[in-house]
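See the structures that follow.
What follows is a pair of complexes built around subunit A, which joins subunit B in one and subunit C in the other.
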Partner chain A sequence: MNMSDTQPSLKRSLLYRTTTGEHYKQQDGGMLVAQFSANDAEQAKRCGLLDLSVARRTGLRGKNAPSVLSEHLPGMANTSVIQANFAEQLSTGEWVLRLGKTEYWVLSSLTGTNASLDALDQAASQTADCYPLYCQSSHAWFVLTGDYISEVMAKLCAVDLNERVFPVGKIAQTSVARVNAIVVKQTYQGIPAFSILSDSSSAEYLWLAILDAMQEFNGQAIGADVLTV
Partner chain B sequence: MKILTCPLNGPRNISEFVYGGEVKDMPDPNTCSDKAWADYVFYHDNLIQIVKEWWLHAPSGYWFIAERHTASDEIIKTYDPSEIYNTRIEFSTQQEERA
Partner chain C sequence: MKPSQRLNEPMGLLIDRNKPVQFKFENQLVSGYAGDSIASALIANQSWLMSRSFKYHRPRGPLTMAGQDANTLIQLGGEPNVLADRQNISQDIQVRGQNYNGSLENDKDAVLGYFGRFMPVGFYYRSFFKPLGAWKKWEGVIRDKAGLGVLDLNFKPEYYDKKYLFADLVVVGSGPAGLAAALKAADAGATVILVEEQTILGGSLTYNRFDIEGKKAQTLRHELLTRVTEHPNIQVMTDAVCNAWFTDNYLPVIQGKRMYKIRAKECILASGAYEQHVVFRNNDLPGVIMCSAATRLIKHYAVKPGNKAVVLTGNDEGYYTALDLLEQGIEVAAIVDMRAQAQDPILFASVAEKGISIKQGATVYEALATKGNKHIKGVDIRQITGKGQVADTAELIDCDLLCMSAGFMPAYQILCQAGAKLSYDDAAAEFNLSGLPAHLYIAGSVNGIYSLDAVLKDGEKAASEALNSLGLSTEPVADVNCDKKVNYDWPIFSHPKGKDFVDYDEDLQAKDIVNATRLGYRDIQLVKRFSTVGMGPSQGRHSALPTARLVANATDRSVTETGVTTARPPFAPEKLAHLAGRIFDPYQRTPMHYRHLELGAKMIPAGHWQRPAYYGGAGERDKCIQLEADHVRNKVGLIDVSTLGGIELRGPDAAEFMNRIYTFGFLKQPVGKTRYAVLTNEHGVVIDDGVACRIADDHFYVTATTSGVTRVYREMTKWNAMWRLDVDILNVTSAFSAVNLAGPDSRKVLEKLAPEFDASADAFPYLAYRETNIQGIPARLLRVGFVGELGYEIHVPAQYGEALWDLIMQAGKAFQIKPFGVETQRLLRLEKGHIIVSQDTDGMSHPGELSLGWAVNRKKPFFVGCRSVDIMMAKPMKRKLVGFRLPADSAKPEEGHLVIEQGEVTGNITSCEYSPAVKAIIGMAFAGIEQSEPGSKIGIRVDGKMLQAEVVSLPFYDPKNSRQEL
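This part shows the complex of A and B:
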């Protein structure tokens, strides 16, 4: 299946004009590149870039945001307080990002139903001193994977993202290739990764800028299956 | 590149920041004179001294306060606005009611 076969009711990626994968799959009401090429697994370990923009994410801000999170996100029960600019993966698979004193984003697990994120959205808009953030629409979500991620980011970003000073779970809110971005250090299936969340209006530009920086490490786009299946 | 230390994100290039004007006490918009309101909204004292200013760290959307010397451009300190402002300001609806 390619992007032209996409049913009109399904969300398209922000990159649908520039990027075409080999296989797509339905995820969170959108079409996600499942496989970019037959070489995805090896590519992800070396230097891969994945577009997860259609995958589910949400955010909330306000004095009551922590209590809404712990009430509606089952995985939060086993989690201690997350410091600002740190992220934690819950036992249920979601990543919770704390971006400020009272601001939290939740990235979906990529495998679950994400019903808890829907409940979170609803609760955020119905609770006093808690406001939903529409980062699903406002931001693109890319994942840079593999052994060379720090070297690639060193070309694009002034903050030192080397493993020694930027371990898994750390967040940098900074400028990447001159556009504002949130960079989160993670691992997917044991592969080191940076999630990069950036303004959706410059998604195509940033995608190409990162691919360009990846070129000297033989970097290439990958599909989501390699990180989830 | 100049470096400014954001209280939330740490030292960052100055290109990540946006100036937001002097920190001033807001007069009561319902009772103050037009001149006092214009002074609050538009005019700066513009003196050579250490001033308190609003700055925005754009990538994180975080507003904070910096104390800066206007001649040497030295940043004396930066801190979270909650050190000065710790209650929410509710605006009176007096004007709307009158209309």
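This part shows the complex of A and C:
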């Protein structure tokens, strides 16, 4: 079933016509593929790709961004200073990405209410020298999973993303298939994964380019449930 | 085709005798085994003739059996110029020879060989260029005679791609040096990629004999390969060609249909050396091959290359070859050693004990041919009496195989690309390499090391150097020496009747090279270009050394002074498909893209974007545009303007920044107001424009042109790196999706869309900025007048873009809303006289020429380009952008057509369209300043005819702007 066959919500991934699946679900005001097929779990371990563009994320930057982050994101309390171009998963499930000296993005845990992200946005817009970023709208969010993620990315990206030199938590701000992208090494349910955040207007192009690169490894789309269930 | 005969195992490393394969060569069925190359399968069937030479159409068979020569270029199905000694056979492939007229066996053009004296080197340069245009006629004839294979024009592109690889160390070549280097480095913890051109690892260990007993190579190869293949730090790539070296060890490696782009911290080239041929008459006959080619045929393919052989050598390798031949039941009629004596007396004695006749200080002066030069049938042997000189008396020996080895030439091409220097050592009669860049090392025979033990040590030495550089070792690196001499110093024996080939690819004989120097081409590079030596597919692998020697001798210089020609990438022929690979051609879509398609839009590119030009068929352009324009003028229309650039400027200095970057004043721009913003560069040229919205005292949202936003953002961040103002600059182009709702009924649509929003003229006047919520979608509203009607730009977060479109179209149904495209928008804004930067401007347009003086604040102290704008606007203007009109039934000028006055070009058309509102053809054009006043006439050349257009004041439509300010 194609997502465009379902009743669309106001908030839509720019990819929603391209993605298909067996089950869909509401996520943060939009619809995403919950299950692509019954084989999602195995596929995710091997080579899977999913679109989390409607899932909640936010960003902020400015001199006061670190203090806003630590004050309004509860999970930051137990976290040491994150180095630039590194990401860390908080005890509350969110991933905090430090993209520059004063720039941070926060990816939701996919399971919570995102109240902390809402509070963060609110605080950022009301704090001097702290500017909210529009990464929810400006960037698509894909997750590439499985044992072959480095091999797939080697066909698309000039940065060495092998586990040996690119461990969990590392970030590359680079070009993927000639499109600017932020690549974050993560694990979801113990499965190695790259979050790929890239210009939303190129989402369809990049999605198809990654799927094409995955063919060699029998890769295919998966649903989001495998990351959380 | 005679039946296939194979030697017993363990010969035949590459073939699988359990998998027979059949294919067709010249329509004859040929049998072979999986793993056979086309050449080995043919020779196993006693078929040596594979192709014809380029110029004289001489019969040719393999020379190296390693893909290093052009003698085996064949046509494989629809693909020409495939190397028969590199291409494996597969079931039912169709193979043909190349470069013949008639049949491969009976080539009508073989007669050309008899007219060689009338076709000296460069003859076609000098013969066919007069009279003028003659070359055009001759070119086809010459190309036809040369053959060159046949392209399949119905070929369907196949899937090729590229991939990056990363390693601490790349070792190119898996001979003994490469294997030793890879193992040492991997043992020390380095990640290693081992690249091998052939299908199996081992290099010379797979075919060369390093000891009299003939066991050392096999034992050593087995030991090294076991360790390499089991080593977790070594990634092996076979059948992979490293085709160049680029700075910082960036190596393109081609394997199958993929080009790998390898990034390595360190690189060791253990690429070996090319065995060299001896120059004598008929040295190109099928059956005359390198010693290593004979042993490759035997050991790789279990093919017996002949029944009675002669070995011509300038080193001890020939003796080992003789032993190999003898072991496989091939009679060795004689070893002809060009040297006075062998270097290894034990080896010499061992061979002599076998009863092989050894003729020292002698050479083959001529190979004798069977009818039609199809194969060798014997040799004419003479004593050497001096440099290139032989005795008058000859000894004739019958044979069907001649194996030769004049020495070795290091595989220098990739190293010279990397900046290494080639120097000739007169004592050793060989080239060596020096001056390698940092992090690049060489080992083995490419480094002039030939004895096996020394080769292994040299590989380890290179690995030690790499490990030290990687910080994985600190052990001292000791030099490796080798006194084995492999090159004979003058293996060139010119024959008065010629056909003593220096370069097989181009049929170049020794006299051709010498004659080139006599014609004044003394420099090796000029010799190359005049004679084409080294320019064929084998790229001088065998011709470079004898050419250097011949040119040095003819010009009375040393070989070092003469040098060799420049080696450039690629090292081996590569397909365009490899370079192209999987093409990444990014495109961008607005959130409403598929809605436009559903509505039947004719899409056009706008940079990486696709935009609707108009809604309708391609053949109805003018009609659709005029209907859409009419609808906007009279009812209401909707256009997707999501591709517009968007930049946010936030912070205490945002207004100051805006004031410095744009020409207008922005310090006093009220919050909730928009203002036209023109951007000039340091030369005072208008490079972009947009609308600046002041959202708060410290917050601006400014639009930019679709194609210009990247540049604008770059300029802004560049300038602020210098100004260091307290402002945050963010490109939000993709974050917002936007539409322009325009037309007299647009307010009604907006009111229905957002009932709680006060859209009245008082609450939301022209040029105001507001924010609201449209049925749950946060929206920014700009009152703009680009198309000259009451209109609203509505900007929303991109993920709501399609929903916004749907909601507006739904709300607008009652008002007969229709979408309109970019082409329609261009007409509408043209009627209003609004410029589009980059369409109505060029790289020299300053604000004065564009009548944008009103948008330049001359009172403020600075903006980017202000000084230049002042200077240019103070000078008398030579041209100006003007509006013009022509009668509706006139020919319509196109953009780019010239404006001409008294024979001089004074400008060009920038925009032109038929306007249903004005009922005339209207346009804008740069015109000479004398013709720029309304009422003047400008001459426009359209399809060779001159039209006289009337210059009119702008805008063409609604000059009081009453419609947009409703």
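FYI, the second predicted complex is superposed on the first by the 220 of 229 C-alpha atoms of A that agree within 3 Å, B and C clash if a C-alpha of one lies under 4 Å from a C-alpha of the other, contacts with A are read in each partner's own complex, and residues count from 1 in each chain.
In the analysis below, contacts are C-beta pairs under 8 Å (C-beta built on N, C-alpha and C of every residue); 3 or more make two chains touch, one makes a residue touch a chain.
Keep in mind it's a predicted model, so treat the numbers as computed, not measured.
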{"item": "Contacts of A:Thr111 with subunit B and subunit C, given as first, second, both or neither", "value": "neither"}
{"item": "Which of subunit B and subunit C A:Leu99 touches, first, second, both or neither", "value": "first"}
{"item": "Which superposed partner A:Thr174 touches (first subunit B, second subunit C, both, neither)", "value": "first"}
{"item": "Contacts of A:Gln189 with subunit B and subunit C, given as first, second, both or neither", "value": "neither"}
{"item": "Partner chain(s) touched by A:Leu14 [first = subunit B, second = subunit C, both, neither]", "value": "second"}
{"item": "Partner chain in contact with A:Ser200 - subunit B first, subunit C second, else both or neither", "value": "second"}
{"item": "Touching partner for A:Ala158 - first (subunit B), second (subunit C), both, neither", "value": "both"}
{"item": "Subunit B versus subunit C as contact partner of A:Tyr131, first or second or both or neither", "value": "second"}
{"item": "First (subunit B), second (subunit C), both or neither touched by A:Ser70", "value": "neither"}
{"item": "Comparison of subunit B and subunit C by subunit A residues contacted", "value": "C"}
{"item": "Touching both subunit C and subunit B, counted on subunit A across the two superposed complexes", "value": "158"}
{"item": "Subunit C partner contacts - residues on subunit A that touch it in the complex", "value": "8-14, 17, 30, 53-54, 61-62, 129, 131, 133-134, 136-139, 154-158, 160, 162, 164-165, 177-179, 199-206, 209, 212"}
{"item": "Interfacial residue positions of subunit A with respect to subunit B in the complex", "value": "84-85, 99-101, 158-159, 172-175, 180-182"}
{"item": "List of subunit B residues in touch with subunit A within their complex", "value": "1, 8-9, 12-13, 15-16, 57-62, 80, 82"}
{"item": "Residues of subunit C that touch subunit A when the two form their complex", "value": "161-166, 191, 261, 263, 582, 584-591, 594, 608-609, 642, 650-651, 726, 728, 730, 732-736, 775-777, 797-800, 802-803"}
